[in-house]
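Below you will find the structure I want to go over with you.
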Amino acid sequence: MSWTCPLPLRDYPNIVLGHGGGGTLSAELVANLFLPAFRNVAIESLGDSAVLRVPAGRLAFSTDSYVVRPLFFPGGCIGDLAINGTVNDLAMSGAKPLYLSVGFIIEEGLPMSTLGEIVEAMRAAAEKAGVQIVTGDTKVVEKGHGDGCYINTAGIGIIPEGREVGPGRAKPSDAIIVSGTIGDHGMAVMSVREGLEFDTIIESDSAALNGLVEAIFGASGEIHVLRDPTRGGLASSLNEIASQSNVGMALHEHRLPVKPDVQAACELLGMDPIYVANEGKLVAIVSQSAAESVLRAMRGHSMGRDAEIIGTVVTERPGMVTAKTKIGGTRVIPMQIGEQLPRIC
Amino acid sequence: MKYLNEFRDGDTAQKLFREIARVTTKPWALMEVCGGQTHSIIRNGIDQLLPDGIELIHGPGCPVCVTPLEMIDKALAIAAKPGVIFCSFGDMLRVPGSEKDLFRIKSEGADVRIVYSPLDALKIARENPDRQVVFFGIGFETTAPANAMAVSLAAKDNLDNFSVLISHVLVPPAMEAIMTSPINRVQAFLAAGHVCSVMGYWQYPALAERYGVPVVITGFEPLDVLDGIRRAVMQLEAGTHEVENAYGRVVNFEGNKPAQEMLRRVFEVTNRMWRGIGMIPSSGWRLNEEYRYYDAEYKFEVNGIVTKESSLCRSGEVLQGAIKPTACPAFGTVCTPRSPLGATMVSSEGACAAYYNYGRFVNIVDMATA
Amino acid sequence: MCLAVPGQVKDIFDAGGTRMGRVNFGGITKEVCLAYLPDIGVGDYTIVHVGFAISKIDEESAQKTLRMFHDLGILEEELGGAP
């Protein structure tokens, strides 16, 4: 990553408690690190709040906190996760994301260069997603707390009229479409954790999906549900939707797109990709008649090249997700209990 | 993945199902010994598509499930000691002891780490010379060579901060115990393929002869399991009781000699308690005299453990194949993967967990025809 | 029990007296202990359990099994006996 330490910050190779104290050190951090990265009128006014003019309409508002360990992993870091995650949550309501806030909780002793790289990643992700970071906060906690760095982002966006999506809107006969390969992010993180190292690079799929969402709405007005399956994987998201919409879901196992190396990593650890986290994928539940055109639109977008229709919403067994196995049997895909652990047996 | 995907082919599976149906004229009860086979069967829905008369009784081949309660409690006691880094396979983390489990101990501040291999634990010991590193060495004969190697390497380098808590269990004595049980209904065995890749299958002809049961060495992928079932049924129909190797690409009669040599060097046979089943004589391995220094049970005096098992838990009967998980009143109600009463609900290949996770609390026929 | 996964040996090296190798599992490469398979060579397939190669895959046997699956039911189909 290309980040060089600005002059005033070079006196402090590591974050100290003073950087969160509201005094000179804090001001220097804002002026020399955050402002240059998040360059925009709102943030540069340095008011206690960002003052923004927003178009009329329904406001979508989302927040999320990021505590990923390790901070850097193949294909990304906590910084781009923090931006893309909130951008995506807004986009899943059908909103066009506009403005984000960012709150840092940094552990005393974190190298300044590490923070610099994280901020640079956030800048790049925000630019790519077309959003602005307009306000923020920094706190520093004592060494031994904070795991290096925690980030919270909150965001607002406007939902254009006519878009009515929500987890309770799935209808029987709807098509279930996933935007690409599942399990990439979770296995990328797993691949660098102590004791479970692989020699091959599996990359996280961390990405902003608002562009893809626009493409989907461009194809059809019959989009019922959008969801980005992060923790707990595709299985958890589908279970939640099935429950909230009071419908069943019937999937076809062989249609789930999985990268061969992600599949191999899952085989080695005895894990199931359907429960593994994603950070750049969405599932769209759309009316049967719109399925083909939505699929085409998704595949025509850079974020949806590997999109697949993986199943159908059904009336039977409401709240339950089932799948036809490759050999013709049927399995239930329940909600995950806690974190999926690697197994030897 | 080569030598994996080919054995999952859907069309060939359908062919094997038809073939099994064609050769079956009477009802038969088969036991798949290994938990990994149980997992494969339930996950892929193999039992749903077999002809009505073929029953698969799930065996006790889940080393996680059968690790004695006392051993779990010892593990918890050691893991809670200050300065200890306790390393374990992921499977063991949520197995309930008398009070807690490793996951809970970890959240209370103990340094419990999941490792993929015992060599990872050894590496942690080398990197942390001022900490005591303990590895939870559970498993069947398949895992024993790996654990033995870790101990052997530690001994070679005179490491003073590495030890293993060994709880190995052996398959053939368990099969004997099942055949001699008064509630036994097993008529044929699908033997544990990976255990046999280490040990060979020279131990089975005597067992097949003594009890008049066909024994088919079987693999784990859907086609392997189906082929194992096919061959076992054909033998049952013909009235034979031979040992057959259906997993020839991985298993041979003698097994892995260098591995067996290491096992002889490091371990000795011992009696073992199998959780839910009871004492099976000469059914386990422990570190022998020469390697006692690396035995965590000796290094950390963990005596005076008083175990407490839920009276509602019937995992013993499940492990012996006497009942299906759905027959237990606690199944899916008081006992779920989130709040397991016994080990068969925690281990992903424990029959109870497999049934729950793949939805067998829903009527099977209903599901298969959906 | 015994999750063991098939992979191909890519290279072999010595680590402090122990025979180790890099094994490729469908695109993922992991370091594996080969001490229990002294005769295995680069290009061979093996199954790996908890970081140890425990058996060399007999490729001929694998092909034979697959061929047998393929031939299953063919005679019956020819005679028109399949359901």
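Order of writing sets the chain letters: A, B and C. Residues in each chain are counted from 1.
The rule is short, and it goes like this: a contact is a pair of C-beta atoms (placed from the backbone, for glycine too) under 8 Å apart; a residue touches a chain by one contact, two chains touch by 3 or more.
Since we're looking at a predicted model, the values are computed, not measured.
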>> Based on which chains touch which, is the overall arrangement a line, ring, star, complete graph, or other?
In response: complete
>> Taking each chain's centre as the mean of its C-alpha atoms, which one lies nearest the mean of all protein C-alpha atoms here?
In response: B
>> As a quick test, compute the distance in whole Å between the mean CA positions of subunit A and subunit B.
In response: 37
>> Taking the mean of the CA coordinates per chain, how far is subunit B from subunit C in Å?
In response: 21
> When you check subunit A against every other chain, which residues touch at least two of them?
Replying inline: 260, 263-264, 267-268, 270, 343-345
> Which residue numbers or ranges of subunit B touch two or more of the other chains?
Replying inline: 1, 4, 9, 35-36, 62-63, 89, 116, 120, 139, 143, 349
> Residues of subunit C touching 2+ other chains?
Replying inline: 1-3, 5, 25-26, 49-50
>> Please output the residues of subunit A touching subunit B within their complex, sorted ascending.
In response: 194-196, 250, 254, 260, 263-264, 267-270, 316-317, 320, 322, 325-332, 334, 337-338, 341-345
> Hey, which residues of subunit C end up touching subunit B in the complex?
Replying inline: 1-8, 17-18, 25-26, 33, 35-38, 45, 47, 49-52, 54-55, 57-59, 61-62, 64-66, 69-70, 72-73, 76, 82-83
> Can you list the residues on subunit B that touch subunit C in the complex?
Replying inline: 1-4, 6, 9, 12, 15-16, 18-19, 22, 34-36, 61-63, 89, 116-120, 139-140, 142-143, 145-146, 149, 153, 156, 192-195, 197-198, 220, 223, 227, 248-252, 256, 258-259, 262, 349
> In their shared complex, at which residues does subunit B touch subunit A?
Replying inline: 1, 4, 8-10, 13-14, 17, 35-36, 42-46, 48-49, 62-64, 87, 89-91, 93-94, 103, 113-116, 120, 124, 139, 143, 222, 336-338, 347-349, 356-359, 362, 367-368, 370
> Inside the complex, what are the residues of subunit C that reach subunit A?
Replying inline: 1-3, 5, 22, 25-31, 48-50
